[in-house]
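Paired with chain B in one complex and with chain C in the other, chain A is shared by the two complexes that follow.
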Partner chain A sequence: MNVKTYFSKLLHRFTRYFRLLFLFAKFSLMAQAEYRLNFFSGVTVECGYLLVKLSYVAVVTMAGVNIGGLSPDEIVIFIGTYILMTGIYMVVYPSFSSLSQKVREGSLDMLIVKPVSLQFMLSFQNIDFSMLIPNAAAGIILIVTGWYQAGLPVTLVSVSGFILFLLSGVFLTYSLFLLPHLLCFWLVSNRGIAEITAAVWDFNNMPQLIYGKWMQRLGTFILPVFIITNFPGLFLLDRLTPFLLFWGLAAPVLFFILCRLVFSRAVKHYTSAGG
Partner chain B sequence: MNKYRCIFQMGLEYALEYRFDFLFSMISCIFPIIIQFFLWSAIYLQPGASIDNGYTYEQMILYTLTAGFVSKLVIGGFEYEINEDIKNGGLNKYLIRPVHYMRYYFFSFLGKKVPSAVILLSAVAITTGVAGIALKTAISPVHILFFLVSLVLALILNFCLMFCIAMYSFWVTDVSKLFGTISIVLVVLSGGVFPMDLFGNVVRTVSHILPFCYTTQFPTDILTGRLSQNAIVSGIAIQLLWIVLLVFIGSLLWKKGLKRFISAGG
Partner chain C sequence: MIQVEHLTRNFEYYTKATGLKGSVKNLFHREKLIKEAVKDVSFCVEKGEIIGLLGPNGAGKTTTLKMLSGILFPSSGSARVDGFIPWERKDEFKRKFSIVMGQKNQLWWDLPACDSFYLNKCIFDISDGEYRRTISELSELLDVKDLLNVQVRRLSLGERMKMEILAALIHRPEILFLDEPTIGLDLISQQKIREFLRSYREEHHTTIILTSHYMKDIEELCPRTVIINHGQVVYDGGLLEMNRVMGDKKRLTIKTSAPIDPSCLAPFGTVCSLNGCQATLEIARNNLTQVSSRLLSLLPVEDFTVTDIPIEESVALFYQNR
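For the complex of A and B:
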C-alpha cells in the first residue's frame, strides 16, 4: 500500500469516527432534551460543585497575597482553567463511570460485536452536556477576568499557545482518567477508585506552584495531572522551559498509547457474566 | 431495643461489605486536606504576610486536618435509600414491620458509621498529634472530650437534617440528583471546605444561627482550641436544640408525607 492510499484510508476512518461522535452527541442531546428536569438537575449538581471551587477563589482573593509566586489574579486564571477543564471532563465522565456497570452486568456483549472501536463506543456513548454548561461559563469568565486583571498581553502567540495547551489537556484528561476506570475489568466494584480519581483531579483546584517540589515533579512526569490545567496558565506567564513545552505536548500522546494498551489487555478479562 | 441492635449490626456489616471501596473512599478524603494544607502554608508563611481572618496558622492547619475527616464522618447517604423506598414502593415493607422508620434508618446509619468512625478518628488523632508536636500546640484533654461529645451530636444532627430533606421524596418523585446538590452545598455551609467565619461578619452571624456549621465547623473549632468553654457549652446547647427541633419537623413531615404515599411499584 502506498503512502497516499494509507493516508486516504486514515482520513476516511477519521471522518467516519468524527461523524459517529457527532451522532452520539446529537442522540445524547435529544435524550437529555426529553427528560429536561434531569438535565437541569445535572446543571444544579454541578453548580453545587462549582460553589466549592469558587470558595477557593474567594479565599485566595480575600487573602490578597502572592501564593507560590503568583498574584491572586494569576491564580484566578489557573482556577478558571481547572473549572473549564472539569466541565469538559464531565462530558465523557458518565461514559467512564457507566463502564463498571456494563462489565458487571455483561451488557458489553452488544457493543463488542459492532463494527466500531469498542473503546470509542464506551468512551462517547453517554455524553452529558448538563455539567459542561455551568463549568464552561464560570471557567471562561474567570480566565478572561484573571487575564485582564493581571494585565497579561493578548497576542496571537499567547492566545493560540493557551488554546493549544488546553487541547493537549483535553487529550491527556481522556487517557489519564480512563485508565483507573479500566480497573473495573478486574474489580467488581470501583466506586472507591472513582472517588480517588476525582480527588486526584481536584489537586488542580490550585496552581501546582503551591505544592512542594517533589509533588510538582510527580504530578508533571509520573502522574501528569498538573499538565492538564497548569500548562496553559504557565505558558501564558512564560514559566515553561523548552523541555516542559515539549513534555506538555508529548505526554498526551504517550498516555493515549498506554491507555490503548491497557484497554486491549482489560477487554481480555471480560467474562460476559450476567449477559 | 433488641431489634434496633440488629439493625445497627446490619448497618455495620453492610459498611464492611465492599472493603476495597471503603478503603479507597477513606483514602480519598486525604487529598483535599493535602491541597488545603499547601494552600494555607503558602498563604500564612508568605514573607511579610499578615493574615487577619480569626485563625492563627496553627489553628488553620489543625482545622484543615480535622474538618475533612469530620465532614466525611457526619455525611449522610441514606437519603437516596429513602427516596428509592418512597419512589418504588419499598416503603411498604417497613410499614408492616414493627419498626419505627426514622429509628430504623438512624440505627442503620450509626452502624454504617462505625468502621468510618474508627478509621477517621484514628486519622484525626494521628494527624492532629503530629501537627501538635510539629507546630508546638497542645490540645487539652478537656477540648478532646468536648470534641467527642459535639461530634456525636453533630452526627445525630446531620442525620436529622438529612432525614427531613429526604422526606421531600413524598412530594417530588425523583429527587436523587437534588440530594447530590444539597449534600455538596451542605458540606460548604457546614465549614467542611473552609471555615464559614472566613467569609465576613454577615456569613459568620447567619451560619452560627443555622444548624449546618454545628455539624462540622463547631466540633472542629473545639479541637483547634479557638473556642472558650462558654462558647463550647452554648454551642452544644444549640446542637441539642436543633436536634430536638429537627426530630419534631422530621416526624411532622413523615406523618404528612405518608398521607401522600401511593405505594407505586410496591
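For the complex of A and C:
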C-alpha cells in the first residue's frame, strides 16, 4: 500500500468515525427530547449543582484572600476550568456508567458484531447534553471573567496553550475515568468503584495548590486528575516547569494507550448473557 | 462456508446456598464450578445452505452462534466462517454476516426504526443508492413500509422483529445467524417471517443458521437439522430421517365399535393411548402390514389411521435419550 492510499484510507476512516460521532450525538439528543420533562429536569438539577459550585466562587472572591499563592481572580479561572471540564465529562458519563449494565445484561452482543471500534461505540453511543449546556456556559464565562480580572495577557501563545491543555485534559479525562469502569468486565457490578471515581473527580473543584506537596504529586503523577483542570490555568500563570509541560501533554497519550490495552483485555472476559 | 471443529466453551460459575447465611458466606468464599456450555461440537455448512440448530434450553445453541459471530471466545476448538476466524473480530468479517437474536435488539428504542437503519448504513459504509434500494425492497417484502417512521417502542413485538431483521440485512450479509427470531410472536407473524426468510434466501443465496423452539420454523425452512443437547451434537441430518434414526416406527390409531381390551393390544406393539373404543399403538415400520391385518381381523375396527411419529416427539426423544 503506498503512502497516498494509506492516507486516503486514514482520512476516510476519520471522516466515517466523525460522522458516526455526530450521529450518536444527534440520536442521543433526539432520544432525550422524546422525554421533555426528564430533559428539562436534568438541566434544572444540573443548574442546582452549578449554583453550589458557583457559591465557592462567591466565597473566594468575597473573602479576597490568596490561596496557595493564587489571587481570587486566578482561582476563578481554575474553578471555571473545573466546571467546563465537568460538563464535558458528563457528556460521556452516561456511556461510562451504563457499561456495567451492558456487560451484565449481555447487550454488548449487538455492538461487538459491528465493523466499528467497540470502545468508540461504548464511549459515545449514549451521550448526554443536558449537563453540558449549563456547565460549559458557566465555565467559559468564569474563565473569561477570571482571565480579564486577573489582568493576564491575551496572546496567541497564552490562548492556544490554554486550549491545548484543555484538550489534553479532555483526553486524559476520557482515559483516566473510563479505566475504573472497565473493571466491570471482571467484576460485573462496579458501582462502588464508580462512586469512588466520581469522588476523585471532585478533588478538582479547587486549585491543586491548596493541597499538600505529596497530595499534589499523587494527583499529578500517579492518578493525574490534577492535570485535567489545573494545567490550563497553571500554564496561563506560567507556573509549569518544562518537565510538567511535557508531562501534561504526555500523560493523556500514556493513559490512552493504557486504556486501549486494558479495554482489549477486558473485552476478552466478556461472557455475554441471556441464552 | 462454515466449518466448526471440536468447538468447546466453558463458563465459570459458582453456587450459593439459600438465605442470608449463604450470601454472607458467599462474600468471602466462592466455590468455582465449570459448566461446559458447548462440548466438542463439529459440523459444516455449505454456501447457500440453511440449517436448523435445535436443542432444549441451555443446550448450547446460542453459545455456538455467539462463537460463530465472534461475540464469544471459545475455550478450545476451531471455527472458520467464510475463511475468517470469528473471534479475531476483523471488520472485513463483520461485513460478511449478521446476527438476529430474538431476545436482544439493536434498534434505538425511542427513535423510529429508519434512524437505526441510517446508523447501520453509516456503520457499514453503504452508498446512498444501495441503501435506498435495500430499504425499499425489504420494507416491501416485510410489509413494514408504513411503520418506518414510528418509534420502535410503539411497535408490536412482531413489527419490531421485522425491523430487527431489516436492520440486520441492510449490508446484504452473505451469512445470517438467526437465534429464535420468531420467539413470542403470534402464528401469523411467525408465518410471515418464515415466508420472508424463505424468499430472501432463495433470491440472495444467503447461508443461514437458524435456532428455534418452534418446530414449524425448522420444518418449513431447514432441510437439514443439527440437534445439540448438553453442549454436544446428537443428530445431524434431515428432520424426516430423524424417525428412522430413532427406530423407524409408525403410529397406528384404531377406532372400534366396542371397547378394546388392553391385553389384546399388548402383543402388537407399545400402547401409546387407550380410551374406550380408541387406541394408538407404536409399531415397527416393517411389522406394519402384518400387525394391521391381524388387528383388522381380531377387532371390530371402524376407523384405521397410520401416521409417522410427530417430529416434535422424535426431537424430544433426542433431547431425553442422548
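Basically, the second predicted complex is superposed on the first by the 274 of 275 C-alpha atoms of A that agree within 3 Å, B and C clash if a C-alpha of one lies under 4 Å from a C-alpha of the other, contacts with A are read in each partner's own complex, and residues count from 1 in each chain.
Just so it is clear, a contact is a pair of C-beta atoms (placed from the backbone, for glycine too) under 8 Å apart; a residue touches a chain by one contact, two chains touch by 3 or more.
Computed from a predicted structure; not experimentally measured.
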Counting residues of chain A touched by each of chain B and chain C, the higher count belongs to B
Where does A:23 make contact in the superposed view: on chain B (first), on chain C (second), on both, or on neither?
second
Tell me which partner A:113 touches in the superposition: chain B (first), chain C (second), both or neither.
second
Once chain A of both complexes is superposed, is A:31 in touch with chain B (first), chain C (second), both, or neither?
second
For A:8 in the superposed arrangement: first (chain B), second (chain C), both or neither?
neither
Figure out whether A:101 sits in contact with chain B (first) or chain C (second), or with both, or with neither.
neither
Looking at A:196 after the superposition, I want to know if it touches chain B, chain C, both of them or none. Which is it: first, second, both, neither?
first
Touching partner for A:59 - first (chain B), second (chain C), both, neither
first
Which chain A residues come up in both lists, the one for chain B and the one for chain C?
none
Residues of chain A touching chain C in their complex?
16, 19-20, 23, 27, 30-31, 34-35, 106-110, 112-116, 268, 270-272, 274-275
Listed in rising order, the residues of chain A that touch chain B in the complex are 38, 41-42, 44-45, 47-49, 51-52, 55-56, 58-59, 62-63, 65-68, 187-193, 195-196, 198-200, 202-203, 205-206, 210-212, 215
Mind pulling up the chain B residues that touch chain A in the complex?
18, 20-25, 27-32, 34-35, 38-39, 42-43, 46, 49, 51, 53, 177-178, 180-185, 187-188, 193-194, 198-199
Provide the residue numbers of chain C that touch chain A in the complex, in ascending order.
11, 62-63, 66, 69-73, 89, 91-92, 94-95, 97-99, 101, 103-106, 108-111, 115, 118-119, 122-125, 151, 179
